[in-house]
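Have a look at these structures, which come just after this line.
Across the two complexes that follow, chain A remains constant while its partner is chain B and subsequently chain C.
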Partner chain A sequence: MNSGRGKRLFADREEASFILAVLVPTMAAFLVIRLAPIAETFVGSFFNWSLVDGFGRFVGVRNYVRLFADKTFYSSFVNTINFTVFTTLFSVVLGLLFACLLNRKPRFSTLYETIIFVPVVLTFVPVCLVWMWLLDWESGFVNVALRALGLPRVSWLATPTMSMVSVIIVSVWKVIGYNMIIFSVGLKAIPREYYEASAIDGSSRWTVFRRVTLPLLKPITLFVTVMAVINNLKVFTQVYVMTMGKQGGGAQVDVLVSDIYTRSFVYYRMGSASAEAMVLLVVVLAMTALQFRLAREDE
Partner chain B sequence: MAVAISNRSRRAMGAALLQAFLVVSSVVIIFPFFWMISTSLKSNLEIFRPSPTLFPERLFTENYAKLLADSSFLRFYWNSIVVSVVGTALSTFSSMIAGFVFAKFRFPAKNFLFFLVLATLMVPFQCYMIPLYSMSVGLKLIDTYTGLIFPIVISSFGIFFIRQNMQSIPDSLIEAAKIDGASIWRIFFTIMMPLSMSSGVALAIFQFMTAWGDFIWPLIVTNSQKMFVLELGLTRFRGEFVDDYGLMMTGSTLGIVPVLIVFLFFRRYIIEGVTLSGMKA
Partner chain C sequence: MRRKSLARATTAILLAVACLAQVQAKPVKLTLWSGYPDLQGFYESVAKEFTAQNPDITVEVQTFALADLDKKLGMSIPSKTSADILELISLYSFPWATKYFSEVPANLKKGCLDVVNKTYLHDVMYGEKMMGLPFCFYSEVLYYNKDMLAEAGLKGPPDTIEQLVDYATKMTKRDADGNVVRSGISLRFAGNPSGTCEKFWAFGLMPFGGDILAESAKKPGKFHNGFDNEAGRKALGLYLDLIYKHKVTDFNIKQDSDAFAQGKAAMLEREQWVVGTLKTAAPGLNYGASALPKGTARNTFAITRNMFVPKAAKDQAAAWKFVSFFYSKPIMERMVRETGWLSTRADLDYKALLKESPQLLAGIDNPPDLKFIWQKRLTIENGIMTKMGEEITKLLRDQGLQGNEAKIREEIHKLGAIVDDMLKDSDLYAE
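Here is the complex of A and B:
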């Protein structure tokens, strides 16, 4: 379609005034609430920035040097990576599994699809609260059920490791439906003939899946995986609600964003927090760049 | 013949197994949601019974009555409605009109400006929230609706999404209206907006659900309980009534009602929106 690049639709003053009336406020907003703050975070990461005395002294890369030697930063980084790896792995595999099963068009598939998608639309705080109730040591449904089956109870939120496991469970549960939907679009795009050909070969379902479905789904799998990684690197709400502060029932887990939050809004060490925000930005942009590269290779 | 029968019965068994697996998975996946509602309708006595009941023995609606008469809970709810509705309206409108400009006009530095819009698409909010906060402190926007809403009045994704959709509207429609003497504003409101209604609705739904669930910015920009949005208010609930799960589940259930209504009414839109956008979760 013609995108307006070819010829002018409105070559007059009315056009110029319309464009200005729209773009001046829009671009000003982008400048003030997106571009400038991003630049300010970058610049601020080189200053002894605290809320009270503005940017303060220029300290070069000291914020970064201190950050990389900081124990909390180190554990936040490791926890974020662990969270990202496991949540991405399970949510992508389960999303693919449900997409494949529902693609066989069993009866009631729309109903199943809707049910699996419900957690995606719920918001995180209610979701975390109900999961904390389910995982409650004394009267939570999960432990009651385990006991009824004669199994030992699990202290889901008592140690940092178990807190992390619980946060991962909640996060996977919430996003399976999202991944499933994207995979099911990819599956619908696979031409029937591929399957018919392998049906004639008499290959088993598993062979067909490995030889036909999986290779054809490679681009979409990469897309879902990278998107999931980027989203998981930004994890915060679940961790905050389930493990931090007085509402958090569980042993505290630090992740990058919660550490940025604590540095800047609890200790008001904006410089150090900005340096950490830049680390997050570099990781996220690296993942984005990787995605662009992989997408180009596929073409 | 025997082979054909066994093939058929094998297939029937496969289908049964598949159904069994899907039923069990669906039950497990929907269970937390069910448990939230079920708990909200039980008395504390029933909630903490050693062998819990699946469904409430007797519908206990006192928690609902309590919360719906609780002025601070209603205030959280109202704040969430104001922030989500105003934020959605502003960002959807700004995306539509800017998307129109980028889709249908030629002007100097167009590509550069569009690049600026897209450049921020992948930058996490956490990478610029600190300056937004110090700006809010400087402009006295802490604990105000303006402070809660201003970061979401524009959307790179929205502009990008609407531009893609408006590019497919034929120029000839605009030219015809132009010849009839319609102003550009008129063309925007009477031709472009109605013709891209479905993408506008999809975008608005997406923005509304994002705004309703937003957590980190309200956490930062509000201090006084009076200005808490619901998501934030619910975490304070948890702090105050640690063991009152009935009340917490009632608050949670009420908190997801708006997104559930949107989901039930626009299920197709949302599922298609996910597949189209894909970019944001």
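Here is the complex of A and C:
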């Protein structure tokens, strides 16, 4: 009996050891690489400090107060939210649409899948540069095509609004393929019986999509949306390359991460940048929590 | 026994000599960072020549876009991971110079002081300490397309702001829809905001006697904005009038040296590097260069490019040895001849060196009434210029401001308050 109990205990210990052996290094790395910098940033947001002079004096919540009174922060915040909403909406809807279309296995479906997926694996900076050429007002392909169709040219990158629209177009184009693949996996996992039963009931395609496909894709949709929202809130590369690095007539678009970057490495105001980073963290956490809650309520 | 001791001593000496030889022969590999990718080839050729004379020292050259280099400094200097030699414009050096860079060694300092045009020491001398070696300088000049000038029936470049507006209007071309297809003058609307502010400073503020920052008369060493005044209002008004009233350019057409090279701009306000760029980008372009037109004053900025050695450099002596070699007369002559960048050495014969690029003389043969305006060497100066550049580009897109003096006054005042707040944050503000 004792030996039996001992054996069971030994088995538990082994399992516990295994779990610890696997988890501890990962958790330690997570702690050092993720949590510690967040904690340091949080503490730093209450200090007036710079990269040049190091930690200065404790200023309490002053960095937050001044941040919320800063026009650039507001425009960055609004731009980030606009970008996130539109990019997420279009990339999720179009990703689902392409997945549904290709799930019917039309001719050359693999080719279409490849073409739609290719932008995902391309490096973003050169992609943005190519898009800037395509969107060039004078000689870009898009405006040349518009003129050939008898339509007026569009100042894609010359006004803040159109710069934002251009960035959204490029971002959606870049990520549709990824969303499409995830949705395709979800679609393949839906048992055929549901569709067969619907067909017997004489349901229309739209009804089948609404009553069968969408509800069963809910976990996948939630995953894709949450990932898209998190990634879009962190937008930086395309905004930086397409609107901030140009010496032509391009209009700059401020977003939260670019504003954090400017405060840190141009103004050297790390306290202010830390405060803005904490705001971004709270926004990301809040949005994610909200999405999970909405999904749970629906269940 | 004696023989044994002798053998031991000989072995010890041989070992010591071998170790010493190894120490002396230990190769040093230095890294140099520059914000001018177009000079990569030149720097590499100098580094190669240097290594030929100093086989133990090699210099790897890494160049980045100017604004990217600035961001790299912010991360690498405090973490002591920057290059061993930093070639920086003065503005980028102000935050770091006294705290993170090593002083120029006495012999090199003396050698430099013997030959340098003393005007260009402004940004590197901190009291008696010389924190970097200013090897190159540039200022803002006006480039003009001679063919377009002649086509408009104009004899020479504009000398006053009024002439500039008039000439730009005459040289602007539009298509049937009224879109500008050739700017009368290219204006800076975007790109690195600090550079946008720099252009606004030289082209807008300076001709009217304005400046970005003004030193407090009551408290020397403290500053306030230098443009919440008539000069600031005139500067913004000039830009807005050129865009919306005279319509000499717009936000769609290409700007900057690309536009000038492609014949899409008749005039351009820029630094001397444009000459080097145009040599390859538009070798047949018929253009000239002159001092910036005057308003109530004729001013331009002068900025030096300097060599710095961080305290964290792996071998400071070797790094300064390279800098000393770089600043030698033959290398500086080569730099002027091959790249078009002007050296701070006063003992060069520019007229002979610049036979092929007479446009560069606009930065050397200056009108007697031209005054150089310098930056103020503040840690946050680049930050202030960046913020101003961001705000100015937004103001220029507000067509409602054109001709509305009250609104212009209000916006300039707001911009001044932003700059003053930044100074206050750094405890550098006084009225």
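Everything below uses one rule, namely that the second predicted complex is superposed on the first by the 245 of 299 C-alpha atoms of A that agree within 3 Å, B and C clash if a C-alpha of one lies under 4 Å from a C-alpha of the other, contacts with A are read in each partner's own complex, and residues count from 1 in each chain.
By our rule, a residue touches a chain if its C-beta (ideal position, glycine included) is under 8 Å from a C-beta of that chain, and two chains touch if they have at least 3 such contacts.
Please read all numbers here as calculations on a predicted model, not as lab measurements.
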Scan A:Thr72 for contacts with chain B and chain C and give back first, second, both or neither. second
Partner chain in contact with A:Thr161 - chain B first, chain C second, else both or neither: neither
So, does A:Gln252 touch the first partner chain B, the second partner chain C, both, or neither? second
Have a look at where A:Leu51 lands relative to chain B and chain C in the superposition and call it first, second, both or neither. both
Please work out whether A:Thr288 is in contact with chain B alone, chain C alone, both, or neither, and reply first, second, both or neither. first
A:Phe265 contacts which: chain B (first), chain C (second), both, neither? both
Should A:Ser204 be classified as contacting the first partner (chain B), the second (chain C), both, or neither? neither
Looking at A:Ile116 after the superposition, I want to know if it touches chain B, chain C, both of them or none. Which is it: first, second, both, neither? first
After superposing on the shared chain, does chain C or chain B touch more chain A residues? B
So which positions on chain A get touched by both chain B and chain C? 51, 245-247, 249, 261, 264-265
Per the touch rule above, chain A residues touching chain B in the complex are 1-5, 8-10, 14-16, 18-19, 22-23, 26-27, 29-30, 33-38, 40-41, 44, 51, 98, 101-102, 104, 106-108, 111-127, 129-134, 136, 139, 141, 144, 148, 173, 175-178, 181-182, 185, 223, 227, 230-231, 233-234, 236-237, 240-241, 245-247, 249, 257, 260-261, 264-265, 270, 273-274, 277-278, 280-281, 284-285, 288
Listed in rising order, chain B residues that touch chain A in their complex are 15, 18-19, 21-22, 25-26, 29-30, 32-33, 35-36, 39, 47-48, 50-52, 94, 97-98, 100-101, 103-107, 113, 116-117, 119-120, 122-135, 137, 150-151, 153-154, 156, 159, 167-168, 170-171, 174-175, 178, 183-185, 209, 212-213, 215-216, 219-220, 230-232, 234-239, 242, 245, 248-249, 251-253, 255-256, 259-260, 262-263, 267, 270-271, 274-275, 278-279, 281
Can you tell me which positions in chain C touch chain A when the two form their complex? 65, 67, 70-71, 74-75, 77-78, 95-96, 99, 188-195, 250-256, 258, 379-380, 382-383, 386-387, 390, 393, 397, 422, 425
List the residues on chain A that touch chain C in their complex, please. 48, 50-52, 54, 72, 137-138, 153, 155, 158-160, 245-252, 254, 261-262, 264-269
